[in-house]
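Listed after this line are the structures, all set down as structure tokens.
Next, two complexes with chain A in common: one pairs it with chain B, the other with chain C.
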Partner chain A sequence: DSLLGEVLVVELNTAEPWPENATLYQPLREDQILLSDCASSLAVQAYLRMCGLPVRVCCRANAEYMSPSGKVPFIHVGNQVVSELGPIVQFTKAKGHSLSDGLDDVQRAEMKAYMELVNNMLLTAELYIQWCDDTTSSEITRPRYSSPYSWPLNHILAYQKQWEVRRKMNAIGWAGKTLEQVYEDVSQCCQALSQRLGTQPYFFNKQPTELDALVFGHLFTILTTRLTSDELSEKIKSYSNLLSFCRRIEQTYFEEQDRDVKITIKEKL
Partner chain B sequence: KQSKAYAKFAGAPLKVHKITNPWRSPTGILPALKTREEGSFSQPSKIIIQLRKQKYNADYDLSAKECADTLAFVSLLEEKLLPALIYTHWVDAKNYVDVTRRWYAENIPFPLNFLLPNRIHGRQLERLRLVRGDPTLEPGEQLEKELYHDALECMTLLSQRLGSQKFFFGDSPSSLDAYVFGHLAPLLKIKLPNGKLQQHLNSLDNLRQFCTNILVLYFPSESREAPAKKVSNHADGGDFDNEPHKRRNQILSVLFAVGAMLGYAFLSGIITIKHTPARLEEPHVDEEEEEED
Partner chain C sequence: MGTVHARSLDPLPMQGPELGVQADDLDLVEPDHEPQQEVLENKDVVVQHVHIDGLGRTKEDILTYEIADVFRAKNLIDVMKKSHDARQRLLRLGIFRQVEVVIDTAEGADAMPNGLDVTFEVKELRRMTGSYNTMVGNNEGSMVLGLKLPNIFGRAEKLTFQFSYGTKETSYGLSFFKPQPGHFERNFSVNIYKVTGQFPWSSLRETDRGISTEFSFPIWRTNHTLKWEGVWRELGCLARTASFAVREESGHSLKSSLSHAMVIDTRNSPILPKKGALLKINQELAGYTGGDASFLKEDFEIQLNKRLFWDSVLSASLWGGMLLAIGDKPTSICDRFYLGGPTSVRGFSMYSIGPQSEGDYLGGEAYWAGGLHLYTPLPFRPGRGGFGDLFRTHFFLNAGNLCNLNYGEGPRAHLSKLAECIRWSYGAGIVLRLGNIARLELNYCIPMGVQSGDRICDGVQFGAGIRFL
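Now for the complex of A and B:
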């Protein structure tokens, strides 16, 4: 769906500026949202904050069903609805906001490749751990996923989703992996990210790009989410530059921005 | 595709068994790598890891950043290019019927030649449906447009990353070169009725040159046959399909073999010196390969 969606979005939205009431929809934060969705949502939020585009976060139990592609998060801007980081980046670009304009061809190719690495390894690993590991699935994922619904719908929806994800894992060859192997894949991915980041503040030196937003979304979420074991977050913690990277983005784009907003509000009062 | 070139690049002593019957493969699917010690592997990336464990490593000279880049670009290839390649060979109606299925029918023993292609065709379509989350997906213009858009962008990105260099990381080939070659070479050499991907690849001069370069350097026997094909084409005045079966099958079998497993070769010198003592003790590595994706 992405190609046609992109074309449509570009054609309809070049003129309008970013409105004040742009909204981002995700599942309920406390009880419902899962690791993978939280990571994707945080990545989009980070990206929009890096672009300086204000957005309100709205939690809805049926966010997944509201989304045009069935994936969360999605943003509602003006009269357009766009879901997932890739199309959202295209959308904001059409409105004249971009983080990767300053990159040359080689850097842009690398940026896209690393984004695919995150999607290919980190996101898939998150989905695997959530839905294919029996312990996690029964203790955390299914209860959370089905929490807004009453019996018997909650069971039906949760098992249906689990079956869907497991079939997909099978199709891409992940079904045969053990949890240990998945942790190892995450480790390899983090090692690659850590090596690429090196001692720079962001992946392409001084300015963050959508890659930084995506990596932050996933790493920060893994670090701050309680799972059945700490092994996943331990893998990330072993790379100190990744830790400081997450801290830096959290401070610059979340804590400071929110503090500035509070100050502005106080001043107005 | 990846493993054979990797092995060649790394100078690994591999015996290539060309078999056309996947049931004879140790893992039941192809390509497969069988080592004396650790059993059999099938995924190209696992095969490369295994070869590396056995110390045939063509990424020895790469910096940490370059190794990370390799992982990233491999992900890019697998996410953006591979689905389109599979589509163009196995799902696209015209290509599948005219080229892929016909080749299988002629080259694989009965009764597999009837069962196997359709099974793979069905399975690849099913896989596309699952990955894209749409159970009603049908091969057609819409799907083709989306897949090819991603693939064309991927090829352009590869071309930009390669620039004017000979290989992706300078003057020596590495596993990334093997991966890219493995994916692009069949596209260059096998003429398909629906050839949009080929057209785009041909328009990217440096990528095309890159593939031809590797073909000439590391697979000289196979590249020699390609010009022969062209000559006979002119002589017959016919197109690809009118060629006598034998030559086409030769070329296709070679290309599918190449396409099925690539690896990477290390230019001699460094790695031979390092590994001569090891080779005496290392188990002999048997590799069986064919095309199956």
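Now for the complex of A and C:
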């Protein structure tokens, strides 16, 4: 249903321009949001800023359940609700805003491949560290995930989500991995990204694309989030071009626009 | 004088809905007085022994309370009356399938000349009864399994279990009931349940998983119930096209609430009563025993019935309620009141009155609804004395209003808000009584006072349910 539904949404919406009151919904910033959700949300925010589309960020404790696909973030534009970066890119394309129009077919295929790499490696690694590593899960993830709810619902929901994520890890074969192997996978992914980026400002030379937004979302969040150990952010810091890439996007699209989106180093996970 | 079998005397008229399932409107029929009994009528007798035969797992101590009164009988007619009363009390425990009374002269070494022995011959219900149904509805099928264990520990405790497994939803319920020995009206019960509901008028799907314990006890003529309930509620959109206001309510919440209900019911039947009145007041306080939801909810129900000329009945009812959020969290869509439909203000679609967003009805925090009915027998009285007595024609006038409370304004502003833009309707129809629990209605309704946003169902409207305005 979901894929067909996305296409229908896109078809019906070409006529209306982007409204002023477009809103992006994510879990509560201070106490609730997890590393993986924050990375996804930041990626969507970066993409919309790159397109020059204004969006307000609204934090709700039940954002995950409000979303039609069960994943955050989602945007409420006019009377449409679209969740996750992929469908949001399609949605904005139908309204005439696109970052990858200038790419030829080969480049577009390459962009899709790298986005798949980030989703399959970085995002999965984030989920693994959050939910499958016992220390992180009990000290950080479960308390944060269940913070809006009262006893005993908080424990029920946290354990239910943990069981669900671990089952998915099993299905994709990550259950047998150790934390060291996961860090190694992240390192390899970063190496591939670093090589592709080279000395260019963005992945496809002068103009940012949705791939830049996605990579920025994940890398910046990992760099600025305190986990039980610093190993993950250290892996990224060893690639200086990725660091300057993150700083560049932050300065260009976030700092000069409005103050309250400035994300500082703090305990976010 | 031979034995007197006081078997299955005709039932006495009901004193209220608690007493068993008996057909109403039957007047007390005196047992036939045989010529020999008239001689004995004024003779003093003493009840020497009362036996109960046929007990299996039932413990005797709870039964002594029910039959104690028989000992106090002074003459034969008194003995028969009191043993009949005792039989009713034994039956209402819900542990016997059949109770027969045998009154005989006393026998044995210590028998007095005017002594009597009363024996109750009982047949206990089976230890476990089960039922299995399959139900097929709109695009969904389910199988329902029911298990009932009456009198499991011997003192009229009852355990019921129901499980429904369907293509779309699964629900179950487990309930344990225990009365106080000697005072059946004082009882407590514990329930565990999971229930799913779909509400298309709000595009909402709700799953409740909960535990509740309740105590019931009578005080003078009223019946009180104290209940604690803990429910994990999960709300979701029923369709992708649900409005954003309903989407914002999706998610999980926990409600832990204490509630108190008081009922005074002097009607002769819960369905289509001919006389009597009902007063029900219910309050619920959530949030002080844990949980996320925090509110105070009050609602009441009044019904008055009066018999008029020619077997017709005039009935007036009034419902109302109020939901006050405590703290700064707004009220949840599953706690609010809804109005409209064949069981509420007729002539409007189900729960389709009041605040709404993009066609989804969100409910309101305060409401009132009133109804005035005139019930008459069917014209020309077909099938009188039999099937025709289950039908009644009725003429009705319904009115009501629903709104949200806004703390900025005072109570006067809320009252005036409830008084303006009243929805009302009138019409006539046929009512069919189903057993003693439910009724079906087929009405022709004319809705009036319709506000923009309400959905109406003018013309013919069909309704089935337990509680009607």
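Assume the second predicted complex is superposed on the first by the 256 of 269 C-alpha atoms of A that agree within 3 Å, B and C clash if a C-alpha of one lies under 4 Å from a C-alpha of the other, contacts with A are read in each partner's own complex, and residues count from 1 in each chain.
In the analysis below, a residue touches a chain if its C-beta (ideal position, glycine included) is under 8 Å from a C-beta of that chain, and two chains touch if they have at least 3 such contacts.
What you see is a predicted model; the values in this text were computed from it and never measured.
S.K.: Consider chain A as the common anchor and indicate whether chain B and chain C clash or fit when overlaid.
M.R.: Result for chain B and chain C: fit.
S.K.: Is A:28 touching anything from chain B or chain C once the two structures are fitted on A? First, second, both or neither.
M.R.: It touches nothing on chain B or chain C.
S.K.: Applying the document's definition of touch, where does A:81 land relative to chain B and chain C: first, second, both, or neither?
M.R.: Touch partner of A:81: chain C, not chain B.
S.K.: Chain B or chain C: which reaches more residues on chain A?
M.R.: Partner touching more chain A residues in the overlay: B.
S.K.: On the A-aligned overlay, A:156 touches which partner chain: chain B = first, chain C = second, or both, or neither?
M.R.: In the superposition, A:156 contacts chain C only.
S.K.: Which holds for A:168: it touches chain B only (first), chain C only (second), both, or neither?
M.R.: A:168 sits against chain B, while chain C stays out of touch.
S.K.: Please compute the chain B to chain A to chain C angle from C-alpha centroids in the superposed arrangement, rounded to the nearest 10 degrees.
M.R.: Angle at the centre of chain A: 100 degrees.
S.K.: When the two structures are overlaid on chain A, which partner does A:117 contact: first (chain B), second (chain C), both, or neither?
M.R.: In the superposition, A:117 touches chain B alone.
S.K.: Contacts for A:68 in the overlay, against chain B (first) and chain C (second): which applies, first, second, both or neither?
M.R.: second
S.K.: After the superposition, what is the least C-alpha distance between chain B and chain C in whole angstrom?
M.R.: 10
S.K.: Output the chain A positions appearing in both contact lists, the one against chain B and the one against chain C.
M.R.: none
S.K.: List the residues on chain A that touch chain C in their complex, please.
M.R.: 5, 60-62, 64-66, 68, 76, 79, 81, 149-153, 156-157
S.K.: Per the contact definition, I'd like the list of chain A residues that touch chain B in the complex.
M.R.: 1-4, 70, 105-106, 108-110, 112-114, 116-117, 119-121, 164, 167-168, 170-173, 188-189, 191-193, 195-196, 198
S.K.: Quick check: in the complex, which residue numbers of chain B touch chain A?
M.R.: Counting only chain B, the residues touching chain A are 43, 64-65, 67-69, 71-73, 75-76, 78-80, 126-127, 130-131, 133, 142, 145-146, 149, 157-158, 160-161, 163.
S.K.: In their shared complex, at which residues does chain C touch chain A?
M.R.: Those residues of chain C that touch chain A are 232, 235-237, 240, 244, 247-248, 250-254, 290-292, 358.
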